[in-house]
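Mind looking over this structure? Questions follow.
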Amino acid sequence: MSALDFSTKIGSKRFSNPIFTASGCASSGQELAQFFPLTEIGAVVTKSIMVKARTGRATPRMAETPSGMLNSIGLQGPGIDTFLERDIPWLVEQQVKVIVSIAGESVDEYGVLARRLRAVSGISAVEVNISCPNVENRGQVFACHPDTSIAVIEAVRRNIGGELPIIAKLSPDVTDIVEIARAVINAGVDGLALINTLLGMVIDTNTMKPKLAGKTGGLSGPAIRPVAVRAIYQVHQAFPDTPIVGMGGVASGRDALELILAGASAVSVGTASFGNPKAAFDIKNQLAELLTEKGFNDLRDAIGFAHRGI
Amino acid sequence: MSAKINQFATQMLAEVISNKKVGPYHHMVFAVGEMASHVKPGNFVAISVGGEQSSLVLRRAFAIYRALDKGPMGGSIELVVAPHGQGSRWLCQRAVGDLVDFIGPLGTAFGIPTVNANAMLIGGGYGSAPLFALAELLKNKGCRVDMVLGASTATKIYAPLEGKRSVSSLTLTTDDGSTGIHGQISEAIPRLIREFGTEVIYSCGPMGMLAAVAKIAEEFNLVHQCAVEESMACGIGVCMTCVIPVKNEDGIKMIRSCIDGPVMDGSQVIWDRKTVMDAL
Amino acid sequence: MSALDFSTKIGSKRFSNPIFTASGCASSGQELAQFFPLTEIGAVVTKSIMVKARTGRATPRMAETPSGMLNSIGLQGPGIDTFLERDIPWLVEQQVKVIVSIAGESVDEYGVLARRLRAVSGISAVEVNISCPNVENRGQVFACHPDTSIAVIEAVRRNIGGELPIIAKLSPDVTDIVEIARAVINAGVDGLALINTLLGMVIDTNTMKPKLAGKTGGLSGPAIRPVAVRAIYQVHQAFPDTPIVGMGGVASGRDALELILAGASAVSVGTASFGNPKAAFDIKNQLAELLTEKGFNDLRDAIGFAHRGI
Amino acid sequence: MSAKINQFATQMLAEVISNKKVGPYHHMVFAVGEMASHVKPGNFVAISVGGEQSSLVLRRAFAIYRALDKGPMGGSIELVVAPHGQGSRWLCQRAVGDLVDFIGPLGTAFGIPTVNANAMLIGGGYGSAPLFALAELLKNKGCRVDMVLGASTATKIYAPLEGKRSVSSLTLTTDDGSTGIHGQISEAIPRLIREFGTEVIYSCGPMGMLAAVAKIAEEFNLVHQCAVEESMACGIGVCMTCVIPVKNEDGIKMIRSCIDGPVMDGSQVIWDRKTVMDAL
């Protein structure tokens, strides 16, 4: 049997394999490095970084749910400047492929972030987290409407320059995710990241109040995998040429394969890393084995396979 | 960043060597081999719960009660577990011979004074667990160790015989007066500090108790190291759910209790929730 | 301690307790009667009935998912006439409270169904399942847009006459569920049912094709409970006077209480009955015990309790 | 509706009395008390899997291999389980003394001819399980019972010694020729029907095998009762996921295999998927 071509491409950039960390689930990378060599996975996607330092929300910030969890971190982070000075150089030095996730409270902020990334070397792509509340529009999430989604992507594209691939990360909490995908594709993204967390809530029946300090939170983990597969399948069906970074409840090579068959070109591992720090590494190995077992010589042949011949 | 994060942490399947019910708690011993040699008092382990088909996706954190580097079964780690919710109940149901998925040792350890000092160790409920290993260490350094353990009622005080060897005095308090001093543990502390000439305080237990102890430590101007307990999703620093608000030039900063804790400087923590909410 | 007032009200109708079956999860009722007396629960909500008999989809119609399941039944059923002749009389005879769920492929069909129910005695309410594909509009689901939702409810209201409470059952697969709730409330519903299943998909990694014959299916079970709680909380916050029949992953009295604290006046049990045929009965008893334990003398005091005083 | 649906079904915690590996299967015995007295050959049980923290929310269906009304442990039910996926693997891991949540007996039973008849019982893989109790019943009624069991390979044929007592002949087939006749079970059937003068066919096994048998039964114009296997979410008739397409005046009708099955009239089932898809 010939060796597996396990590499994948998003825009102009190639990654040695399709398993990435998910934004916000690998902190700055160093925390996981004790458990496996980060260079073993396709890329580290950083937590979403904002212009200014953010304290984030009060605790409790999490609640476990059946086969999943809610989180409400509130995008705690050091702000883009400290981030670029402190976190990125370490990753670059380790020769880890880095995808920087950015988040803004206004269209302008996304532009500012993109401009700051312009000059940074060693970055492989920018993931634009548009599932953030737009403070200029009653806190409505950008990703919920085509027009605000487009505005953000255009601001990023104008400011980022060069070849850096732009990946738009969409929210599943919309009536028609294909419509949002179409909007950002038309605005010029090179790839999509599907899906961000679902909006959820847990009420503590002891205190009889919402469990999270922020009341609502984002639902992630295996519980949401069927929603992720559906979103990826629908979007790949409509736009087969746009690479998708799939995520949502992937905890094994089998799960990663499911998302790839649905149409993902790469797969991010989030919540699973909380239960198993080596999750991304294990999943990469399991996936390679599964692909080979099924007779694939090239990852590309598996991408979107579930669409063919039905 | 100075030290490597999670420097000594490894993941392994640990065999249950013993599981004994002690009052409302389970004292459990696990064979962990090498892992034991890296444990310091205050460290914790993160454990997978619920088995293969589990709907519980997150690990549970447990303070290490004791670690034996070279026991009869090789390295071992001992825990004191309260069967509280689904995960801890599952753990308490494990039988001798079962394998449990461990990550450890994790988190910061109690700092040891460089000179001899009179130390007071204050524990609430199963919060006493990490204090016995600390007591031994302090005693070996020549410190005076006064231990004060409190709980709502007598059975909930975890104070095994072998643990008491290292302490100069042991005071018990219960909210219901069923043993020791009647009342909340914090009420008894000021008098005991004076009596024992306490110079440094270590505490572990519910956040409310830690806050009360922190206030007393401030009044007496004593160093206070406390082991905090905040809900953790990962235990290794990647999720940012376990944060504790601490003082900072600009007001408030959220630090991870799994990496920058669980042992923290009590004087740095912002204990008052209203202050935190107002600052956010 | 005084006895618990466990009754609940939707529109003009009172139910002895707030635990109902969920539409499509109790068939016609007779199947469960072997396991507990149906009169012990507040009401049986029938599977959604259509004008004509329907064969439904091919198998596989289900896939288990982490803490949940996907289903794609395709509204198999005997059609309204046979249903009214065969299924309803049995339930009425047993003195079971019945809520009839109806589903149409066009606005007119909903009107036809409402007219047929008009003369039927022994029914306590009609639940309008608007999460169905609208064949007149490219198969778009009625519940996805305010205008189609309104059109359906108005057709039902015009045709049903009398006092029969109308409950609109909404889909969580929308950008803003409060907007849809507002639309149907303005159109005159007496209550809301929240939530229907989430659209999901499972790909069988052995066959490498979608597992369900219908490709996508509805996700239900504990996995979706945080989404249900969030939807109920948001809608109750906006419309505290509109009774909500809550559902989504309820498998214990604790779960039912969680939905009630979020704002539900009644709670339907669906998927849990597949794992435990006595689920609805057990949940009712557990809930009564929990309410009493927490010092509630009246269910009404618990409804929406999580909103108060924060 | 004539008979009450699920008339004899009850839910109970059944204790595992025995769990033995037999080739690739587990032969398991459960203490079920009263439940055993209502079992007829063809019935099945639905079992909760995964334990308290399980992420598996649906029951698993297993055909009843044998039910003893009054054994040494009271009523008991025996199953033959293939550890296939998460749920069946969990079941096979249960130890003697463990409790398992059972609902049963469920579903239709094999119909017994009113006059003596030559019966052929055809089983594929663990599909042989319900056929042994049927064989006993038929033999006691005075029928000739010819059993034909097939599988991909020898070890996958489940044919315990005590089960063979009631049969007049036993023919084995394997796809790989490792035992008995080399080839698919359906290839051997026509010759055997002629040889034994078969008048009625009972079958249980994979859907593909049942379809092939149904075709043969039609050619020979024999009554054919088959136990089908379709994914079930509830097992008690409330979910409509387990349907099988059968012939109907207007073309096609979907009936529930948990209530109107698993035993069905093979001539009524529409075996061809294309016919079904075209009709929908």
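Residue numbering begins at 1 within each chain, and the chains themselves are lettered A, B, C and D in the order written.
The criterion applied here is as follows: a residue touches a chain if its C-beta (ideal position, glycine included) is under 8 Å from a C-beta of that chain, and two chains touch if they have at least 3 such contacts.
Just so it is clear, the model here is predicted, and its values are computed rather than measured.
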Intersection of the contact lists for subunit A and subunit B: C, D
Joint neighbours of subunit C and subunit A, given as chain labels: B, D
More contacts between chains, C-D or B-C: C-D
Between subunit D and subunit A, distance of the C-alpha-averaged centres to the nearest whole Å: 47
Intercentroid distance (Cα basis), subunit D paired with subunit B, Å: 55
Subunit C and subunit D: spacing of chain centres that average the CA atoms, whole Å: 35
Subunit B residues counted as touching two or more neighbouring chains: 55-56
Set of subunit A residues in contact with two or more other chains: 63, 66-68, 221-222
Chain-level touch network, classified as line, ring, star, complete or other: complete
Touch list for subunit D against partner subunit C, complex: 1, 4-7, 9, 11, 48, 55-59, 103, 230-231, 233-234, 236-245, 252-254, 259, 273, 276-277, 279-280
Footprint of subunit D on subunit A - complex, ascending: 66-67, 222
Contact set on subunit D toward subunit A in their complex: 55
Subunit C residues within the subunit D interface of the complex: 24-27, 30-35, 47, 55-62, 64, 66-69, 71, 73, 76, 90, 221-222, 251, 271-278
In the complex, subunit B residues that touch subunit D: 49-56, 86-87, 90
